[in-house]
Structures are given as structure tokens and as C-alpha cells.
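Just so it is clear, A, B, C and D label the chains in written order, and each chain counts residues from 1 on its own.
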């Protein structure tokens, strides 16, 4: 099969590095173009980048020459790992110039005509792309993936949506890798908890309602459910753990909820997309799982693990969910989005 | 003032050591008797005990000879730091023999005629002592303090009780010191979260309802509020952090809740009990506080810190609370209980 | 190729679990027999074992029935993951009964006729096996791998041996996984350093001299070099980091030492043994590497990483070394030993 | 006694905050003046400073108005907590203008006429002050304290100097607080070891030789002993732990070394300086102590703890030392220096 060249906007940063790592060995996508700030442009990727991830920089990308973040000669498909401070304009320019911009940045997520995708949960939200193109007169497109804490919650709630979700209270215990580099100072988090992450709670609440909402005609009707989030940073390297209490319109059986999670399978699984996990949600029956250090690397980081589903003394049920914040919550999410979009014929024609 | 001799049941364990440490320099109570298992009896405290706390064992107790946990020649006032596996019978024996047993063990907490005290929140629950003595024919008495996670929640909710608490959902992030020694294996908690603590959620839910309940005639009518807890262990040394969402009977003003916390003062403050903090609850206005490593040692570990009170998208308000699990959640709680009981004339006559 | 069945003595413990994990997908060795204590005998491996490693127990072993640690019907090749308190006798019984006992236990390491192997460093020490068989009248054999801290040091020093090692001072910063389960209490190691590991320094000093010694006629003449070790536990999950100062008989060039490490290749590489790393030692030129969390999982955990080789103001040179304590320092070491022994025709005939 | 007003140069940074904290309750020194960058000048200390230490900013300093770092109206005694990038010139200006500059910055430490003090070890190095004044034509003076890792080593070695120190190899395991704020990124140090700290090894080697050297006529003759340091960062909050191997001119008895440490007392103890610990070195006989989290806060952070003195297989003896890097290694060191200088009549006349 012919490889599809891909570009990375913001390639030298921490999220950019996660894209580089996650795309190693991808059977369809090949990194062909690296975009970064003017300061890096013209340098080899290996010179321009302080590699922060485990191990060392893959040799295959070390020699690529970094370019400015301008559409020019970038490939059609570009992943955006740009910092929110610059993403808005640049992503638009690329989309206008005909690129498929698959973005991890938060900037366009909540725009009415931009899909905020979790491919197993709301693949039909891609119907917004024609709306977006028409409205904006674009040849290209922008699609986004949610914030890393949102994706864990929505993948866990996705299979439960048919039971009628009414109210959700969630507390996160988020890994330090979610904050980029240098991110959280060790003096702040070593043997500590920080009970605050800027704007995280608002993002998590709004994004969850949009993702679990329904495509109606030309827009998304957000889920009419109350969602309240408490977001905390804990001294864990990778993996956001979340405790969730849920109230439904009528109380289901616990066994039915667990069955819905275990048997959950959707478009990415049916189409056997490369980055789709065999099981988007794995329910663990051990009494003290999932745990971030022990479970987060399983299934290539693309699965959300759920455990301890039990009755809640206030709502109907409560459970624990865990997902990999830099894989399923960032690079892996965007790559799966691109695979879904490719399978829909939205680019690469 | 003449010093009151005190004994410690289970003196060699981790909780016993916390009693030893907390009682250093106490102006009224002087450790005069140490009880432990048969294996330790007859040895000096310094021989019988592997000191696990910071620093080294106080010299003043090193030479005390450990005795068996039998009433015999123990002082009237005994603190119980015994393991739950043995506390039930031994505490009863001591109470029957006329001792004031001020216990940190969970065994008698939920018995109908045993006070489960948070001195600022429910000092009137001591009215159960005459009921207990009458029912059981005891000259002595048993009073208890709550589980370490409960005390943080109830001290934060205490000032809010007058507003009519209806529903509470709480998630804890608990320190490793709460599990004793050796307690949690480092292989389990290093850079990890364990989303389960055995029986903790049940204890927290029931104890909260009892503590916030009202003394009526000869028993406690538990608070008729739903309480649901998610309990987690995180890699923090001391200090339980809790995220709390609360629904009231009618929605109060945020400013009124904060004022109620800040101005909260109760019997222990009025009587200037030695171990009573000047402010049982301190509200912090910083956006990212309280934090366990930075705040837990303040105010001798006897205050609960609250922050981030804000609207909850599902209930009325949400906030963060923090307390010292081995001080206000264990030894410091029991000592304050004893001071309250002494001020009521329940022993030491 | 026909698979060789293997047994694991002490299969249910932490080290036994590491053998199970490391042997997954091995092209020659297939786990066919599990031995453990009487208490576990008769149960399925899944029942008898609390799986402590990342992820979940491999399905392929879950259904094996655990047997007592008696020779009877175990396969010829058995790996020993037994606790030192029981290994001496049982390993002997198996060797006497004709088994090839490839042991990770410390019990027989320092016996004069037992090879203490690091396959790249002293493969010729296997010449002790005929000596051992003759002396003891055994059909079988015992071969051992070193302590986890020793293997890191000796693999780093192996390539430097030709330069004439005279004196070595080493300080270790050892991971918690080296202590088994429950191992180190979190109250002892969270945000702390423990500057003591029982008997570790003595083991490291003696084992290093034996491993770097020469086979002479019928015994090993230990390396006549002074070795002094300071052993510490640090809050790291996997990977022992060691700082090493070395004095040679005459001062070599730094470049020659680095070249010797980088080009180091030995019998396991020449024979392309399955568990042999392509490069037993990888020299990293970054100024702040190797680091345990970032490097330890590379090369399947079988390589030792060295960095920062520079002049020492007291000895000739100093450097940092890192190795995976539960892989190259335990299960992976023993499996590579077995592969080397198989390639020598010492069993499987 | 009349209080002596003091100023702090670089008052808003992390080291400046440590000065503020350490000086609380000081019986002679009262903070009267705060100097910081132009950006902060004119603001209240509470506005200009993000308080990073445990607890909250002391009320007594919150209202002080921060000034530019110019001599003008600063008190005679100023502590310098300035960043090395600006300290050289500013400290000189203050000394020239007649101030006693007691600096924690590294800039002037190795200058030939500047004392590098550890008051118990080399109080006579203050004889450099008249030399300095004469050479430079200053009315004021500069005195410095060593790097945080050096002070631990030199306090431990100080009592051993009479035995004739010949060679020292030391490995440090340094706390994150030594790196200031934001300092070490949590992504770099969480559950990790970083085997490199920029310029630390060189500083430690040179400073140790100067401190243990002898004042001769008009300069310091450095100790003629080889010192080699390996410096590492570990995930510990406060407290540098160091493993030390020492060779003497002739081998002393272990008991004599331990006695020398235990009985060590010097000018600061004799003069009962306020910040002088009763025992500059405490030898711990437990097999696994000292430990940073358990011991570092003892004795107001001003004592160095030593343990595990035992024979070294390469040099004569080896041991473990621990000291508080932000107290005895920074603010507490400088304050004790000032107390010594005051007792010598070097300022405050």
C-alpha cells in the first residue's frame, strides 16, 4: 500500500514528540514534514528538538528539516500539536489552503461546525465537515480530539449513553505528563496533590456534553446532562484516573452497564482502523484496578480501563476509569481521528 | 497543675507512636503506662518498639516498661491505638473496669451508645456516655474518634450543617501514612494511584451521617443526607485531600458558606482546650490550595483546610478539603476528645 | 524447531512472575511446569498467584497446575526463583536428580564449583560445570546469575577488564522492584532515600571479583582488584543506577574506554542467542543520561547503559551505569544463561 | 537587646524566601529591607512574591516595600540570595559602599580574599576579611557560604581533618529543593534519578579543598587532598544524602572517628550563637540512617547527620552523611555566618 505523507505542526514540542513516537511503524501514515516556530525552521529535527520522551529520538525523523508553519509544501494531512497561543490562526490557514487539519489543540474544539471526535463514541459528528466547508468556503477541514481528561470520561460513558445519562460528577487524578514540558515543577508535585488545573474543569464539562450530543441536521445538540468536574494533579507519570458517579433517567442493572462496556465496539473496530483498540473499554473485575502505573501502557495506550462499578449512595452507580493521557488523550486520539476521516473519504482522494 | 497520668493501649504500633509523639509537651496529660501484646510485655518501650516516625523516639518514654493490655494498674485515662482485630474485647474490659477509654479504633464507633466525636462538630454527643454507662452497667466509658478520611469531611461540613445538607459526593486522595506500617507496599503506590481502600467508603459514609446527626433523648438520629464516597490512595506522605460536591435543601450564597467556615468556633475553642486549633477550619483563597505537602503541618495538624469553594454544575457547590490523617485523623483527634471529656467532668474526678 | 519445556521453581513469587513474563514469546523455551510451596500445590497458577506485575497474568500459564518443588516430573531445565531461605536444598536435589538448575537465588553463587555467569563477560566460567559434576557426582548442574546490582557493574566493567582494573568504588541508587513484594514499605521510601540494603554491599563486592576473575585449571581465580560498594534504595520503580570510580594499572585514554564499551560483543552476540542484546553495553553521550525511568525499558531490558565517562580527580575515570534490575538483573539474566548453556550442549541432548 | 536591621538581596526568589522563613523569630536580626529586580521594586513584598515554601508568607514581611538592589538606604548587614547571573557586580557595590554582604551566591566563593565559611570548620578563615578590605579598599566586606552539597561533606569531614584526610570519593543524592523554583521539571525527576547537576561536581571538589584548607599569612592554602564527586538528583523534597569513602594518611580507629564527630564542637557552640546547633554533627547508630525524609528537619535543619561508618574495601572508611540543603546548605548557613561575623566585631560597631 502506498504510504500517505503526513505533516506535524508544532513538531518539536512535547505533544509533537508524542506524534512522532506514536506514528512509528504506522502502516499508512509516514512523517514527511515537520513544522515549528521560526526559531527552529531550517534546522534538522534532531537539532531543533530536545527529546523528552523515554528512550531516544527515532532515527527516521532525525534528519528531516523543520519548516515554518505555513501551508506551502506541507502534505494534505497535517496533525496539529501546536500550543494554544498560536494554533487558532495557523490551523485556519492550513484548512483554508486545503489541508486536513487533525488537531489536538483546544482552540477550535467548541466551535459549532468543528467535530470534537471520539471515534467510537460519535463518529457521525464527522457530518459537520461538509457543514464546516460550506460555511467557511474551505477546501480543507479541521477536526479535533478532546482534552485528555475528557476522552477518558467520554469513552467510559459512551457505552452507557443508551441508558440515559442524567447527571455526572467526576474527580480526576491527572498525570504530570498531561502538562507538557517543563510542565509541573517538581517542587509543586513531589509527594503532593495540586487540586487545580487551569480551565480543565470547564473544558471537561463542555466537551463531554458536546461529544455525547447528537448530530441534528447541521449542528450538534449537546447532551442535556449535568456534568461537574473536580480536576487534580497527582504525582503519576502517565495515565489519568477518574472517579465517576452517574445518575440515569431510570436505574439500570449493574450487570447491563458492565456488559455494555465490555461488548462496546464501534465504527473504528468494524473498519479495523490501525490505531483502534480491539476493545475501546476493558472492564477489570479486580477489586483495586485499574491503576495508572500498572495498566496504562496496555493495548498500546488506546483503551480506557474501567473498574469497581458499584452502587452509589447518592446517584445510581459509581466507577473508576483510566486512560493514557498522552496517547488516547492526545497523539493516539488524533491519529485514530485521521484514520476514521480517511476511511470516510474526507481526504486522500 | 497536677499532671494526669495516661496509658496507651497498643503503644508500640504506628498509631501508638503517633500518640507518644503528639503527647510530647502536653500540659495536662503525661504518659505513664504503655500496653502492648504479650510479646512486648516486660520490655522497655525502646526495646519493644521499632520507631517509624520522623526523628527518633522521645527519651521520656524510652524507659517505660510495656505491660500487657489488662486493666490492673493502668491509669484511669487510656488511649486506644489497638488494631481492630483485638480492640473490641480489650476496650470493653477497660471500660468495665472503670477506665475512660478514648479510642482511635473503629470497633465501637458505630455502636448506638458510643459517641463518635468531632469535638467542634458534635460535642453534645457526649450525652451518650450516661446512656452507655446505664445500659452496660459500666463505671468507665468508651468514646471514639472517626476514621481519618471522615474527620476531614465532617470538619469541613460541620459549619455548613445549618444550611441544610442534603447530598454529598466526595472523592478522597489519601496519604500512605493512613495505612500504618508496613502499610502500603511501595511497589503498589510509587508513581501510582490505588483506587480502593478496604471498607473505607462504607465507614466514611456511615460515620459522617452519625457525626452530623442529632442527639435525641437517648440516641443519635443520623443526618438524613445521602453521602457517597470514592476512596483512593495516592503517593503522598501525610494529609488526606478530598473533593466534595454538596447539595443543600435550598441554595445558599457562596459567601455565606465561606463565612461560616472562617468564623467556625465551638466548645473546644471556647474552653481553650490545649489541642484545639484556634480555627478548626481555615479557608484558603489561593486558586490552587490547600495542598497536602504544603499545608498539612500547619496549626499543629489539628485544622482542616478548605479551598476552591465554587458552584457545582450538578449540585450547589463544590470545594477541596485537607486534613492531617495521623494527627487530626487519629492521635490528635483522640487527645482532643479526652480534653473535651475532662472539661465535661467525665473522668478525673 | 521443537520447543524445550521449562519449569520454574518458586513460580508464584515476584521473581517467578518475572520469569513468566520474560519467557512470553520465547522461541525455544516453553513454560510447562510450575513449582511452589505446598500451600500452592494442586492449585491452578492463576489461583495460587497474586499477579503483581504490570498488566495482567498471561493466559498461557493461568491454567497450569502448580506442583511441589520436587524433581519428579519436572522438565530437565528448571529456572529457580526461590527464596533464599529454601533454595539451597531444593536446588541441590534437582541438580542431583539430573536437572539443569539455572538459578537467580543467591545461595550457591559463591560456591567454588558453581559458575556465576554474566554471559558476555565470563562465558568460559561454564567450564566449572564438568568440575562441579565430577566433584558432586551429579548428572545435573547448577549455574547462577549475580545479584541485580552486581550485574550492572560487571557488564559495565567487562569491556574495561583488558585495561587492568585495580580499584573500584561504586555507589548504587537501587529501584524498589529489587526488593520483591511487598518489599520496601512506602512509608520508608516515599520521597526518601534509604542508605542501606542488607548484605548487598558484601554480595556486590565478592560477586564482582568472582565474575571478573579467570578460570584456571579447575577453579576461578578472583580478580585481584579492590571493590567497595555503597548501596542505597531510592524511589524509582525499575532500574539500578550506579556511579563508578575506577583506577587502572596504568591510565588509559577515555576514548579507548568508550570504544571498548561501544564495540563490546561476546559469545551471546556471536551465537545470536535469543535474549542477548545486540549491544550488551550502550554508551550514551548526552550529558545527563542514562536515567532509569527513561532508559531502562530499552533493548528489552537486557542492555546496560553507561554515560558521563570523565576523569576522576582521585582515580582515573568515573562514569554512570544503569541496568534493569528485574530483567538483566534477574529473569532475563537467567534465561540468557540457559541459552548459553544450551548452546554449549550442557543440557537438552 | 536592640535588634539589628537586615536586608535581603534577591528577596522574592526561592532562596530569598528561605531567608525570610529562617529569620522568623531571630533574637538579633530583624528583616527591615527587601531588594529585588526593578520589576518588583515599589511593590509590597506580598505582591511581588509568589510564596513557594510550605505554609503561607509570614505576615511580618508582607507589607515591606521592595526596593531596587542599590546600596542607598539598605541596612549595614545584607544577606544575598541573588541569582548568580547578577550577583557579582551588585554584591561588590554593596561591599564597596560599606555593607557586610553575607552571600549564599556562588560568585565570589573561590576568590582568594573571600572567606568561604563553615563556622564550625574554618572560623579562622574570617582573617581574610582584613586582607580583603586592604586589597580592595573596601569599608564593607563579602563573606560566603558553600554550595549546599559541599556543606554536608565539609561538616562531616571537619572533625576528621586532624586524622589527615588524603583522598575522598563522594556520591550525592540531592533533593529537588536545591534547584530553586521552578527548578527541576517533574517530568524529569518523578520516579527517576538524574545523574547530572551542572557544575556541581567541580564546585564541590574545589570548595571542599578551600574550606578544609588553612589560613596562612594572607591566604588560604587549600587542603592537599584529592576530592572526587558524583552528583545526582533524586526525588526527595529536602535533604542531600551523600555516600563518602575516605583515605587518611594513616588508618585511624573507627571508634576514634565516631568519637571525633560526636564530640565535635567549635566556636559557634562556644559562643552560643543563636543559629548554631548544639551538635554540628550527630552520629546515628541505627543501621539504616540517616534518611532525608525522617531526619532532615531535626535540630532546626542546622546539623549534619552521619551514619554507617564502616571499613571501606578500597579506602580506609566509608559512611553516609545528610544535611538540609536549603537551611544548613543556604539560608541557615548564611545567618550563622553573620552571627559569627557579628561576634568577631566585623560589623555592627
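The rule we apply is simple: a contact is a pair of C-beta atoms (placed from the backbone, for glycine too) under 8 Å apart; a residue touches a chain by one contact, two chains touch by 3 or more.
Since this is a predicted model, take the numbers as computed values, not measurements.
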Report task. Tell me, please, which chain's centre (mean of its C-alpha atoms) is farthest from the centre of chain C? Result -> B
Query raised in the report: Are the two sides of the chain A and chain D contact the same residues or different ones, given that same means over half of the numbers occur on both copies?
Result: same
Report summary line: Per the C-alpha centroid definition, the whole-Å distance linking chain A and chain D comes out as 48
Query raised in the report: Just how far, in Å, is the C-alpha centre of chain D from the one of chain B?
Result: 40
Query raised in the report: Touching two or more other chains, which residues of chain B qualify?
Result: 190-191, 235-237, 293-294
Query - Touching residues (chain side chain D, partner chain A) in the complex - result: 52, 176-177, 181-191, 235-237
Report summary line: Per the touch rule, the chain B residues reaching chain D in their complex are 53-56, 190-191, 237, 293-295, 297-298
Query raised in the report: Which residues of chain B touch chain A in the complex?
Result: 167-169, 171, 173, 190-196, 205, 226-228, 230, 232, 234-237, 241, 243, 245, 287-294, 307-308, 312-315, 318, 320
